[in-house]
Amino acid sequence: MDIPAQLLPQQIHACYPGVAIGNKYELGSGAKFSPSSPINGESLCQSGAATADEVAAAVAAAHEAFKAWRVVPAPVRGELVRRIGDEVRANKSELAKLITLEAGKIPAEAEGEIQEWIDVCDFAVGLSRQLYGLTIASERPEHQLIEQWHPLGPVGVISAFNFPCAVWAWNSMIGLVCGDPIIWKPSEQTPLISLACHEMVVRAAKTMDEAPAALSCVVQGKADAGEALAKSELVPLVSATGSVPMGREVAKTVAGRLGKCLLELSGNNAMIVTETADLELAVRAIVFAAVGTAGQRCTSLRRLIVHPDIVDGLCERLVKAYATLPIGDPSRPGTLVGPLVGKPSLERFLASIKTAQAQGGTLLCGGDQVTEGVPGGCYVHPALVRMPEQTEVMREETFAPLTYITTYDSIEHAIELQNGVAQGLSSAIFTSDVREAGRFLSPAGSDCGIANVNIGTSGAEIGGAFGGEKETGGGRESGSDSWKQYMRRSTNTINYGSALPLAQGIKFDV
Amino acid sequence: MDIPAQLLPQQIHACYPGVAIGNKYELGSGAKFSPSSPINGESLCQSGAATADEVAAAVAAAHEAFKAWRVVPAPVRGELVRRIGDEVRANKSELAKLITLEAGKIPAEAEGEIQEWIDVCDFAVGLSRQLYGLTIASERPEHQLIEQWHPLGPVGVISAFNFPCAVWAWNSMIGLVCGDPIIWKPSEQTPLISLACHEMVVRAAKTMDEAPAALSCVVQGKADAGEALAKSELVPLVSATGSVPMGREVAKTVAGRLGKCLLELSGNNAMIVTETADLELAVRAIVFAAVGTAGQRCTSLRRLIVHPDIVDGLCERLVKAYATLPIGDPSRPGTLVGPLVGKPSLERFLASIKTAQAQGGTLLCGGDQVTEGVPGGCYVHPALVRMPEQTEVMREETFAPLTYITTYDSIEHAIELQNGVAQGLSSAIFTSDVREAGRFLSPAGSDCGIANVNIGTSGAEIGGAFGGEKETGGGRESGSDSWKQYMRRSTNTINYGSALPLAQGIKFDV
Amino acid sequence: MDIPAQLLPQQIHACYPGVAIGNKYELGSGAKFSPSSPINGESLCQSGAATADEVAAAVAAAHEAFKAWRVVPAPVRGELVRRIGDEVRANKSELAKLITLEAGKIPAEAEGEIQEWIDVCDFAVGLSRQLYGLTIASERPEHQLIEQWHPLGPVGVISAFNFPCAVWAWNSMIGLVCGDPIIWKPSEQTPLISLACHEMVVRAAKTMDEAPAALSCVVQGKADAGEALAKSELVPLVSATGSVPMGREVAKTVAGRLGKCLLELSGNNAMIVTETADLELAVRAIVFAAVGTAGQRCTSLRRLIVHPDIVDGLCERLVKAYATLPIGDPSRPGTLVGPLVGKPSLERFLASIKTAQAQGGTLLCGGDQVTEGVPGGCYVHPALVRMPEQTEVMREETFAPLTYITTYDSIEHAIELQNGVAQGLSSAIFTSDVREAGRFLSPAGSDCGIANVNIGTSGAEIGGAFGGEKETGGGRESGSDSWKQYMRRSTNTINYGSALPLAQGIKFDV
Amino acid sequence: MDIPAQLLPQQIHACYPGVAIGNKYELGSGAKFSPSSPINGESLCQSGAATADEVAAAVAAAHEAFKAWRVVPAPVRGELVRRIGDEVRANKSELAKLITLEAGKIPAEAEGEIQEWIDVCDFAVGLSRQLYGLTIASERPEHQLIEQWHPLGPVGVISAFNFPCAVWAWNSMIGLVCGDPIIWKPSEQTPLISLACHEMVVRAAKTMDEAPAALSCVVQGKADAGEALAKSELVPLVSATGSVPMGREVAKTVAGRLGKCLLELSGNNAMIVTETADLELAVRAIVFAAVGTAGQRCTSLRRLIVHPDIVDGLCERLVKAYATLPIGDPSRPGTLVGPLVGKPSLERFLASIKTAQAQGGTLLCGGDQVTEGVPGGCYVHPALVRMPEQTEVMREETFAPLTYITTYDSIEHAIELQNGVAQGLSSAIFTSDVREAGRFLSPAGSDCGIANVNIGTSGAEIGGAFGGEKETGGGRESGSDSWKQYMRRSTNTINYGSALPLAQGIKFDV
């Protein structure tokens, strides 16, 4: 698989640029870094990193761009996003290739991720003629009370390797329509796809006079680049996706300057399978949710909470299905399970299985590294571990294709298990029963941001709000009214009369 | 003025209780404290303070209450709030008296504050049959995509002396309807009004079997009680009103545990007066906004940005109006300007005037302490200071009746001055001109959460969302969709078909 | 049972007034009429009827009231409705008595109807601080695009005997909050409850200076009074509840003058009972929906579409339950089935059963008049008729406790049967199955305005929009955004810049 | 100017088809008709007309298509509309040519009309992932209350010559996304543009398997084809644009079968010009609104209500501007005023001027036919008539470039004049004054569906709801929540508990 050079800016001294401010690319004066492709563990390219000063320069440029962009009418901003969408449609499979190379996804999933970008463009274009505030009944005669949503300012986006494009796309397509330039700190694992994504914006922006150059910026590098972004007073919103410790740091930094955060942190997603479930459907859903993206989605299925009457049968079916999974080079046609992103992931996978066994678990299948027939990299057999109860290890997220299975006593107990972890991203129930489904979706049901019935924990549509509660961080991205986070609300009262009545009927006559 | 004992719980060892968990009142094992009435500087009462353990006990009780309250149908929760509203209507003037005693407000403003509570009850009752989520068009056949809003959990409310009732009422009436118990840490200056407010809830709750005892809790005390609340993992939302340093601390504490904050911090509110303004209306608006509540509203007018052609005339009118202001004991009929809350406020008032003078300002009127004809306490003549430009002192908030006046060159310049401070709460323009008004309300206009035309900066209606940007903290309370902050969003996809299509058209066939 | 005189205006020449314009009551120069109480068939009172001229006078007065009321701030209008709600709470059981007397409802249902009024007051009060329009992103620089909802004008309400209070309450409480006076033509069967309802408004209005006298008007009489109302050019909206032929006439009359209609016409409501249904729950739901209000609700259950495997068992249970129904004087404690409204209803009931038998039906129980132990009036044993298929008679609405039972082949067939009638009001499915429930609620499911799962066809909450499709007339009342029908929408574009850009980028330079 | 044949279906027997059902074109067995081009009065082509039977066949095909289309997920329906938008972008100028040929618009306006189609595609695509219903707080435990919007059925569209594309596009792009096939009866004046518009849909539909053939249908002809459409029981919604008498007939016909109408009938649009208006801007706005599309927009400016102090100056400026208007062949570069659509229009124009003069009016300029330098057709000099007061002729709509000017005494008087006509479509005020603008937009202000400040009466953006009150018919198209009219609302209550509580707390225990 070759790097599709036509999507990328020119290398500078054999190095991919570490700083992009619109169509200006610079090397980046920070340390160079060379992520390996998960496919074979070999270095893909060399990239420059941005220093704190270079981050500041990008932010300053975005801040300037903001002043112009905020007064461009939103439907015109929408037209830019429509053109970006057309660029992406035209380059869909090439963009997907970069995801395969850098994140190790199979093409079906990589293209799905690009499709998500396309979808969110369509959605954002529609929003661009809405961005609805309210007109509100005022309690005072000859007064008008309205609420408007105005552009917020430059948005910092910190994203993770596992959705190297879609998370940025959710934030930036909606942010652009809302009037906000974007400064992106991608994962150090995925410098190329981030440059290519940015380049799509640059190309579309070139076709419109209204679009200032610095609407889109990229700052490559490790945690320090993200930290510089989080600290910047000129960045009113930081949208960060990644681990809980990272999120906690960003949250504290941004809180200290009274800025806003949009956090998408970890998930520890469970599925309840009741005795009335359609097991064939459940098996397919479980397999996709547990091993898709090699278990490296924030919404990957980590815990199965199963009715005792069906647990043995379900395990049997799953083990059978797991035995047929094509594992290996994701770019090879037919592969369903690609590599882990790197060695630390492999180690955590193996360690968690050991811990689970120590806590009484039985390994049903998988759990070992695959070394034959793979091009290097870290490949594993996805693991299923039957647990006697929900032990400590089940309450931690292991970012790999490792799924625990335990049983429940009653539907209330099942929900209690589901909710009994610190994370609150995604959840699902498989049941044919109206009451079980209803209870699962009720105020006393799943405490996650996403709760599904008869579909898996992963694979959300862009039309809903994506995100979760508790340690997942509370942010919401993509659909519904997520766009409001990228704007500031202005509550306006206009007195068009000749008197000055006070609210709450107060009299104050000088 | 006597304390209306019938609104208050019994004293315990001659001390007002420091901990209230529903109808259970306890002394509080923390240090006792005795706020003075701003009216005369004399101690009003002795109160107990809650220790961190007692805060934890209140939170635990609220957490238990939450489990029951969240499954009580919202319209039934609304019925509780309706009954609270009836209690408050029946005790309006007595409740107002407590505000006068503890916060020093004149009765018109104290009753206005109680009216705000009544208004928010009516609004919340209506909400209780709404709490609208969305049904959303799904991209998959035989799938339903919906979004529900569920109760969030116990809400911590930290409030300030200057709105000792309304801010809690905004949070708790809406919080209760949303399914959340409330744990309130009021200002240590206003223990009695907070107990009386709580008691209204207790009385209404007694009439309904569905209402658990601990729906409303109060923990009295100083910063440490608030800190204990902010730290509690069982409190998913902390709504805090007060100073920027306080807000910053709370924000960092809550961010560190990935909880949510709703901050209402400082304002440094300006009014632009253009050459087309109706000056008579402007003068009335300025006086109320600048000296109402003795300049101790977060929305009080602090800065006047005036067209040079009219500045002299406006100053003259204002000075004349200020000369007639009845200052003194707020409980005396006719008084419009009551006391500052205490000595530190007086000192900051005097110091700021000095600083302003040192930065080139001219004191137009007021600025000194009133010592004659007042019953003790800290009374001042409200001050107007003409400034040559927007200097440093103007960029700080002095919580007192001190208003700076400066001039502008162009409407763009006026908006730049208005926005040139760290705070972003309230703002106003007085103009007869459609274009000036339009620009002020536009994306390039005022950067505040509240932007008014031809009314002052203070005195918002409860129907709009109240709050501000930048250092004001970004929270919104009361009207519009502020209620969403008190709930958690659940995005649900339900597959009612027999197939399992994946989003974004992904194919993953095992 | 005595008529509660304290709720009613004074009689005029031994006759209840036929025209009420606010607190001005007049006899009515039309023919006198004397409805009989369904309880015993005896005349309750004599009433005057309004002539076309008197209707015109009421409309003219309402039109004048409109000019004042439309500029009263909506929250103040809401305060009126809040006070109406308090009046109604205070007189709930007495108001219910009038419903029992005139419509023959049992007290539980009569009080439920008054409770509905109370509920809609609470809801409308909340609306009064909302009535939300939108602020919308404009495509032109320095342009603001908003949408406001303004009061519409006097609303004509034509209501039926079976909900002699609630239907008017839905329309008028929301209409009043929206700024519209109401002119009510009640059923000639229920003159007293309508006067008492009106009187509650009058009493509340007296307490508020802002409320003009003629906000509420009543014009008693038969079809000609309704016709006069429908024709009036000063009545922009006519909300009519009743039969299809009546609705068709009103619709044509109002369409001819390009006014608006809100129609709530007939229902022919079905319930599908699948083999997974909880039969105990189903039986209870069926009995209430079929025989409540003696089958005289527009949402009464008329058709049961049952899975063949369970139909015999279900019939058996129903017949057993029907055998225990206490039938008779509705004011007697314990009665569940009161009288039909009059002789024509009885005759249609008997005739429909005959027709059904002629079309192959088997009468399972009931179907005859009850003459013993009843105080006169028309009482019947509720009937269940087993039908071999959905014949012609099942496609007609008989307004009586007559329910047909037939079976289905597949869930698709069941839905086809459910949809295979001209009416489209209410529908229900009893099932434990997620897929069946999902399909029933899907775009290819029930074509009714109301579609329930595991509850009966009748007994809607006020928070949802009430009404139906097809011959039911398409109107929606009560909750959700039904209020918009009582207002007019104003789309406003405001240019606050100095240029005049045209939409769609058109250039037109003179 | 040649007919762009590549956009059109093949002729049948030298005749353009009169019936199109998806990609099946048929001649039409009705009378042939040959509209003349307004440019030169010469026949453009011959077209077949559809008979009532052929209309019925189209409706039946659309009804079948509906059954399939309603269950295609809305975002997939949106994808069809996105592709239609791309087709239109690719053929924009050629489509515009057809509008010039058939309706006589200048290219700038013709392209603006096509742009409106493109804009509404973008908007509709966004809607396709929304179509938001509500989830609503239920009053009963373990009950879920939601509201869904489902596809409605085939929509009949009857459109007029003056917007031969945009009105259909508003209805059909949104209707398609909502799940409804469209049957279009275009004006008999514009058969070709309607065929070309339809063909764009056909081409896009061919690229998607999910799109049934008969999603788009066209039935050409005169009033009888429209009548057949209005009568059809299979068409739940008829959207009709045109004259009041036409609208009244359609409304009655559809009301008689209890269907729904969306009416866009006449306008008699006024602009108030106050003494504070920016006259230069006002003149430009007036000229475009009065003479654009040769005064043949439903939103064309017909009445000027001017402050007496400025009326002479304004008239002078207008007369001067009118003198420079390039009148003639619309396809000739530079032309701003093209032809009237035909002779009857010309006659009404001339007659109205005479009547106005008889009622005291003074013709300021124009008012006569232009016969030199034009290619045939009916061209006129746009007329301005100064009226002593608002006489009868001003209360009628003359569909031509004829604008009356009168004066007002007070702003209240100006609004009274503005509202003193039977129509209620569009209105505007030119003022610099916040109070005048506020009053004009208030509940006591303009009674039109559109009310603008400092822009003309015509040229709405697609983001707002378009339509008007009173005789204009009350319908709303295009933006905001207009889409709801193309769907049916389903209110669903789901009991997921084991009990059966009744609403309003009713007890009914068998």
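Letters are used for the chains, namely A, B, C and D, taken in the order the chains are written, and counting of residues starts over at 1 for each.
The working rule: a contact is a pair of C-beta atoms (placed from the backbone, for glycine too) under 8 Å apart; a residue touches a chain by one contact, two chains touch by 3 or more.
Predicted, not measured: the structure shown is a model, and the values here were computed from it.
Any chain that touches chain C and also touches chain D is listed here: A, B.
Ranking all chains by how far their C-alpha centres lie from the centre of chain B, first place goes to D. Residue numbering at the chain A/chain D interface overlaps substantially, since over half of the positions present are found in both copies. Centroids of chain A and chain C (each the mean of its C-alpha atoms) stand 48 Å apart.
Distance between chain A and chain D, defined via averaged C-alpha coordinates, is recorded as 43 Å.
Centroids of chain A and chain B (each the mean of its C-alpha atoms) stand 35 Å apart. Chain C has residues 71, 75, 119, 128-130, 134, 136-140, 142-144, 147-148, 434-435, 437, 441-442, 453-454, 461-463, 479, 494, 496, 498 in contact with two or more other chains. Note for the complex: chain A touches chain D at residues 75, 78, 82, 119, 122-130, 142, 144, 434-435, 437-439, 441-442, 461-463, 479, 494, 496-498.
Those residues of chain B whose C-beta lies close enough to touch chain A in the complex are 67, 70-71, 108-109, 111-113, 115-116, 119, 134, 136-140, 143, 145, 147-148, 150-151, 179, 236, 244, 247-248, 251-252, 254-256, 258, 260-261, 263, 265, 278, 281, 283-285, 287-288, 292, 321, 324-325, 336, 437, 441-444, 446-455, 459-466, 469-471, 473-474, 476, 479-481, 488-496, 498, 500, 502-508, 510.
Per the touch definition, chain A reaches chain C in the complex via residues 71-76, 128-143, 146-149, 431-435, 437, 453-454.
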